[in-house]
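We call the chains A, B, C, D and E, going by the order they appear; numbering starts again at 1 in every chain.
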């Protein structure tokens, strides 16, 4: 039982990363009907920006010029990085996606892939091949709850990511921008006919998705403090799986599917020999899709889903 | 002169949809454009709301302002030209109220929005009953009402209507046109594109007849109704 | 037709003249010795490529400072041909082919990881060009390939070294292993460790044998299993980036026993990434940076000064491999300029290298082209430095 | 026995009743019409018969053979050809390919022929092409054979669709609003085509239409559908004067 | 299209127009003859010429390395390219225009196989002689051919049928391992399988059987995607295929008898240039036959409107099944050849990176087009080889190029064009004389 709860805690943390990244994916995917294959790499960029900001703040703080407590640095890092990364997202949108809005969706997928490669290579050129270590902004404390080991970081990560998901949900449901996004997800051609600037909404979508990726990147850096230029690829593709597994246009779906991905990976490794983890985990996902061909909350495919 | 257009030219790729359409609309008028499928009627509306680019040589002014300088969303929010597209194109995943609220996206005047919303509900009481329902679950006629209501809120100087009668049973069709009359009486100019030429001409004050991207006839709607050429071509003899 | 010629002819003549003038008239000089470096500059492990490149550049600087590589009294200029294999097998093969047939290198150093070294070794052997992979531990790399050598020891040697060390040092009998199933180096080493351990302590003494996949960052599930299995020690033959995560996560999950690693830990980054969590842990390796003496120390210091960080094992092994190549070329006695002949000569000389005294230890090649060398057990000190703990020779 | 016999066909979408207790008999060579307000379930009936949806209850017999539960392509190959209200042409195919494609079920060369370009395949493809060109000729669009369909005017697209449906060699042709979006001139041409098709090929035709003029002129028997139920069935004159029909559907326009 | 272009060229003034006019009316045969002459020239005169103009060696990929790395030698390389390639090809093609037209005309009177074989023979001759100069060229060519097969087979699914399949590297892996196990088990002594079961002399003859075996295994694997494709399409199918890719990779990593992550080596050296060439030609020929038959065009019908296809008697399930299995078969064969070219496979090769590579080739070249796939595969393969001297910046340039192509030609360079062998080989009417 203890063992099960231990894994549950682990899965919650792991799943929140998938969920956060899948959310950004899902935003762009459902609103603009595009695969943003660069999203995994935006996550990477977000983590690096977070690293840069955090390191700068820590140095600043250590120099005594502006002594800040760890949590304050963390909050500042998250906010600043969200801000900066959202610009990266907006640039990606402007360069790689806006010119392709009416092109076949697969072409945009290729553009995304290529932008991703450019981001990776750019990082490699700028920073060299070193992996960087994310500064530990808060002291790690481990609690032993009846044999289950929980760290303060884990709790914080799960809470922060749930908080952001909730905020996003409220934003999309309650604000007029959110409404416009949902409208665009349904039929973007007529959106400008209501006086809604489509480019602004698209930019905003990318900005929010990227900001979320930055949060995910920073939290990732706290939990797994080793960053490298290629860290976004696998994450990106798996989040892509989660985003679509959740069903098109569904923020709830993407969140749930993200957590589900995390749970599947952790629990499969718990129950089966871990060498078979991917084999079994992806067979499960494949089976889910065979029996629920439209994901959790998706609609049956329509002509718009074509590539 | 509310809207005046000179030499409207539009192409889709190599296919020329409109070559040099001139027309104008006065404040408060109801004007219709009739013509066969593919004559360029919808294209005209799309060009006005800037959904398709007009080619070199086209001049379009709305209340003295150059339309061609504005992006599509500004045409709605700055000039008050609304467009009810063909097939209604509601946001089926949003509720009726959200569809209407969204139409006020660019408007800042909260009180005026509320007033317009009320007015829409007076014109279409059916919509008020279904305020919380998803637009996708409405019947065809209700959808058309919502589409018109949405356009009414987004901009009310000029309303472009693309085939409002399409897919409606005759009874409902008349309901919709009655509502349009009411909206026109409130001061909204209407430009209408219709397949159903008889209905359109009966409803309008003036009409234009398009054929293969060119205007072949124009004039008073009543006269066009009696015009033998129009009769044989569009009114079924 | 004629009009066209009128157009083209003057252009042609002009270009021809420029071409002739620009061509370097280098004929009388000593033969250039070309050495190929086949390294992963992009792709999965760019860091490995960078280490190889830096070490090779340093080596070249030394040679250039001497005015060339002296062979049989003649100083030959040396040229390095560094190519990127993108961490892909296909690309490594292309790079090898290109360097052999186009650049006409005499020796190839690299590729580093077995995924590229195995197929690339086949190419080198086919074209009878000596190749030495500093870092590849897969037996297939050198097997039945007289022209292919390697600069590191093999898994079958390192596995037992670690198993013996743990047994003697701590007296534990229950061990756990955590490794990357998709990467051949950790997988091989994990297997050999398991064999050796079970030989010492009987079947079932490896109580948890867990794996993950390259690029994974969360090992909590596997570590939970390991902790539950009651293992007394964890052996994880992983690369430094994963080591940091594994060690930290293990600590967070309540693991308090030692964690032991292999030569892949031997990078300056291990401690940098891992921090205090890694202090006090042991690993086996080719050389120990801290506490190093003599030329090892000199190498480390020079490298650090030049590139800003302590070199990892790839850099050291590349350096040694180049040293072996250098020795072999010199032993060969003469560079004739006939590529085939020189290559054969160098290969023969390499096979005969005995007791080469490198910075990663002394080595002699076996018939397969694998070196016999000693392993070093290193302890990470409380200051985060690598301390020489003991030396284990086969 | 009728060519096509439908008995007690009922279908629900979710909880919504789309079609209720629908019966139909079509004799060879007969032209029948189906009218009704929007959303009455006319297209649904077409989709049920042609196998796009599987009816919840009821039987559909073609020449005495049960069609319910078969794949749409099997049903089509047995002789139910159809057109679509929204055309549904293939964007990236030429006109000729459209018509050739509809002979899919008659291809005998199999995969071996498709992969290796055997003499048999070349022979069959030539035959298919010949038949296709004949149909294009009949529709007066043979000069457009190599055009891509999106480049064609609307009327021509309708003809392509008709040719494509005929190419399946149907016993009954189902036409779903064949004149939707046409001007009067085109409408008259289309009526001519439908008549010609019926005379030359001797097909039975079942059509959904909004334009009463056309239905009244062409059809022998007309059904009126309201909310998934047939409220009247009979020859055009009866329908025209049926008070239930006038009330539910025709409304003021006819009264005026 | 071609005629239109030519007609257009007639009208255009200036150097470009004049150049076009100068070379119009030359049949493919003429160009092939020119290429043959050029490569023969290079073969015999290349080395002396190189010495004369002061280059180190014959520029291996049309001087790319020289241009990017040694700007001082650019004039030399330019002279070489002009003298060996540009001028001979232009002169032979232009001067032999009448002759080659007449020849092509004469050939076309035979059954189609004869001119096809003649053209292919010439093409192979040119390629063979060209590659004879350097082993590096041979290897590059072999891998380019593999890329052509892969791209073309993926185009069957992603282009012709319009699904976004991500499983192609998985099919390739199945084929690579299938074929490798076949040949290693039967013909080579190996650590994993022990001594060969059959005499080695039989090997080259049974190699095709091995490739077909690999292809069939990949086809079987494709069932995992084909069956769900009956019920779902688009994005969801893309995910299913992606999951399949992960599953295949993980499965091979767990299969100890093929070496797990260490990979499988020891494939005998059967994949020589003619073999690879023949298989590529077979692949192009069969796929082109298929997509031009009415049965094959059913893929387009399913893509453009599945409901309509069904209503027009097209058996959509069979069509999808055939498309997936057929494409997987060729991916498998390509994988088998790939394994025998490198003589080593490991599961890590068949991952996301490979996927990105193949997808890029398909969409760069052009959807729904055999020409496009060949163009995409050849140009990206050669480009990534030619840009090698740029080192890491190569991975900025190539993506940038692809993005530009996607922006300006969203369906790829040559999309939706039919590959009509007969038309390609036909003699061209000489417009110069008419004007």
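One rule holds in what follows: a contact is a pair of C-beta atoms (placed from the backbone, for glycine too) under 8 Å apart; a residue touches a chain by one contact, two chains touch by 3 or more.
What you see is a predicted model; the values in this text were computed from it and never measured.
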- Mutual neighbours - chains that touch chain B and chain D alike: none
- How many links in the shortest chain of touching chains run from chain C to chain E? 1
- Message: So, comparing C-alpha centroids, which chain is the farthest one from chain A?
- Response: D
- Note on the structure: Here the gap between chain B and chain C, centre to centre from mean Cα coordinates and rounded to Å, is 72
- Approximate Å spacing (C-alpha centroids) for the pair chain A, chain C: 35
- Query: Between chain A and chain B, what is the gap in Å from one C-alpha centre to the other?
  - Reply: 42
- Query: What parts of chain A, by residue number, touch at least two of the other chains?
  - Reply: 121, 124, 233-234, 275, 277-278
- Shared-interface residues of chain E (touching two or more other chains) are 249-250, 253-254, 303, 392, 395
- Note on the structure: By the touch definition above, chain C meets two or more other chains at residues 41-43, 181, 213
- Query: Can you list every touching chain pair?
  - Reply: A-B, A-C, A-E, B-D, C-E, D-E
- Contacting residues of chain E [partner chain A, same complex]: 158, 162-164, 224, 227-228, 231-236, 238-240, 242-244, 246-247, 249-251, 253-254, 303, 352, 356, 359-360, 363-364, 367, 392-393, 395-396, 398-400, 402-403, 406-407, 410-412
- Which bits of chain B are touching chain A when the two form their complex? 49-51, 71-74, 76-77, 82-83, 85, 89, 91-94, 98-99, 101-103, 105-107, 150-151, 154-155
- Note on the structure: In their shared complex, chain E is touched by residues of chain D numbered 50-52, 71-73, 76-77, 81-82, 84, 88-93, 97, 100-107, 109-111, 113-117, 121, 125, 128, 164-165, 167-168
- Report the residues of chain C in contact with chain E in the complex, numbered from low to high. 1, 4, 8, 12, 15-16, 18-20, 22-25, 41-43, 83-84, 88-90, 93-94, 97-98, 100-102, 114-115, 118-119, 122, 127, 138-140, 143, 181-184, 187-188, 213-214
- For the chain D and chain B complex, residues of the former touching the latter: 37-39, 151, 153-155, 181-187, 213, 249-253
